[in-house]
Each structure stands twice: as structure tokens, then as C-alpha cells.
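Chain naming follows the written order as A, B and C, and within any one chain the residues start at number 1.
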């Protein structure tokens, strides 16, 4: 079994945002030389996500509005106890749980084995600073 | 390390529905000949899920009602921007994020290493058309 | 490829609760002798979660309140059909879907390859009884 690990860094300009990182994951896979196996891609920060969905700006607008409704931003210490620690990002920890930490993708014949619309996104819920994503490929 | 990949196709008669696919995943595992390792099962479409929970019709009724409350179907272009593209399924992209894209299951001694009630489901949120699920087994 | 499997048992004193199980997962990894690969950690029960987030009591308080808002406990048979079976835990099946069943973590150089704040939690939504978590390490 071979394995290959890389770390990508993203710095999104807004508090919440979605970035298609499929090309970067494909490059890591190519560099790994692995043809059959699995890729793990996960946010290394707990207010960010890696998820798979559609690369359509209207949908991303909808995701942002929907997540804000499910877990509203509120920096006051009364709504979220986490924000009594000096943080203001309790909502971001919830948004990240809805969207997920990680994806595991099949590698078949040297490519990401995807359906027609699957793309990998970095989801940021407390941005404006650099954060890392881990990519690990295992297989043969 | 060995690997084995198969694609299953499901066509659910309703817009939303849940199908127990554990027997099909077990057959793929048997055909793989792998005794120790991991199985990845993921929806290849972005308005569908693969998840693990209970095979109880009342619970599936509850899931459907709950997901409809969290992310209501609304084909109009005013509620969801995604539905300005000619699509009507923005809600399905949200329901899928709540239920998840994929599961990773341990393979131990040639079987899915499950607790007493764990069953694998295909979750459909924009059905009435064929969609694929990828099953990949890696191990020895 | 090597593999190593262990089962941990947890019995939380309350209906809902969160327990940091990172030290136990690290011990399993150490016993496996695996230096490069993946760890799967999953709840074997369908009203519990394994997830990765912050070890901060205020946040856990917020998670509990937020999940109660998204999927309220209601033992009556009228709100949730699942509770017509004699169960009272339909809400717990929903809370578990939001928080997830499993995590897959990279093993690099013999350690869990984590960002600065990542910790693994057992999330319980129908507690006061023993439940199992599966840890499987694969790699070299």
C-alpha cells in the first residue's frame, strides 16, 4: 500500500464562502501516482468544511442563507455560551457540522471516481484568515 | 492491497424516498473477496445520500417530514436562487447535506462490521430517474 | 496492508452528552503499530455520533440546545411516527444525522494528523446505557 499526504492552505475574503478545490485535489492525486484506492480530504479547522456538491453560484447563495437560518451568527455572549470565551464563532461550529468535515472519494484508474456533477468544495464559516485542508491518498 | 469497485443504479418512484441497500452492498463485498479493510458507499448524484440508520418505516416518515421542515421544496425562483437556473431541486441539495453523501464501513472477517441496528440506505431527494451509487472495497 | 480493529464501550449518564475520546483512539492507533494510513471511528448505534470539533464546554452546551431546537425530544406517538413502535427516541435518530455517524482521520508518521483544535467526540442522544464505538486502522 502506498500513501501520499499534502496540505493545502486557503484564505477566503469573507466570513462565509465556498471554493471549488477539485483541481487542487486532482493535482495531489496525480502527484501521488496512486491508481486504485481512496482519497481523504478534510478541513483541519473546526469552523470549516470539505463537502461535495454542485458548482452553481445560485446554490451557494442558497446554502449561505439556509445555514444562516439554521445557525444564525450572533457574537453576543447571551445566545451562545461558546461566545463567552471571547470567541464570536459558535454559529460557525454548527454550520460546519451540517456541511461536514471531510469527504472520502474513490480513486479508480487514476482519477477521482465522480458522478457527472460532483465537485469538491472548501466551505468556510469563519474566514479572513489562512486555514488548512489535508489530502491523503492511499492505495496502489 | 486489493480493491474492487461496482456501481449500483436506483430509480425511486417518488421525489423523496429511502431504500435499504445493505443486501446489495453485502453482495459487492462478497464478490470482492476482501476480508479486512474498508467499504466506501457514496451517492454519485448531488441530490441523493447514502447513510446508515434504522430500517423502520415510521422513522423514514419522520425523516421525510423533518427534512421538509428544515429545507422545504419550493420550485419558485424567488425562494432559492438555484431554481433560477431552470432547476426546481435546490431543497434536495440541502436535504442531501443533512443526511450526508457517503458512509465508510469497516470490513472485519469478511463482513460489514455493524452494530445491531445499522443498515445502509439510499436516500433520494429528487427522484423518478435512475441514479448511481458507487461501492468501493479496499483491503486484503 | 495491515489492519487493526477495536471496540470501545461508553455509557453516558444523561440522555444527551459529548465525550472526548481522542485519548482512546490514540491508544488504539499506538497498539496497531500503523504509521501511515487511515483510522475509521464510528458509532455502532444509530442514536449516537462520532464527530470532530472543539473541546469547549460552552460549545457543547450550545450544540445540545441547537440540536434540541432542530429536532425536539417528544415521546408522544403523534409527533414522530417512530415513537408509535414503543420507542421514544425518534429525535435522537435526527440529532445523530446532523452530527454524523463516523469520522475518517489520516494517520501520518504514527499519529492522528490533526489541525490545532481537532478532537474526536462521542455524541450521545439516547444515553444511560452502554453503547459501542468501532475503531479500525488500516495502513502500513
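Definition applied: a contact is a pair of C-beta atoms (placed from the backbone, for glycine too) under 8 Å apart; a residue touches a chain by one contact, two chains touch by 3 or more.
The chain list, named the UniProt way, goes like this: A, B, C = YjbQ family protein.
What you are looking at is a predicted structure, and each value in this text was computed from that prediction instead of being measured.
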| item | value |
| --- | --- |
| Graph class of chain-chain contacts, one of line, ring, star, complete, other | complete |
| Copies chain A and chain C touch via same or different residues, half shared test | different |
| Centre-of-Cα separation between chain C and chain A, whole angstrom | 20 |
| Overlap residues in chain B, where contacts from two or more other chains coincide | 1, 38, 70, 98, 100, 104, 138 |
| In the complex with chain C, residue positions of chain A that touch it | 1, 3, 5, 38, 40, 42-46, 70-71, 80-85, 90, 93-94, 96-98, 100-102, 104, 132, 134, 136, 138 |
| Chain A-facing residues of chain C, complex | 1, 36-38, 51-54, 56-59, 61-63, 66, 70, 98-100, 103-106, 108, 113-118, 138-140 |
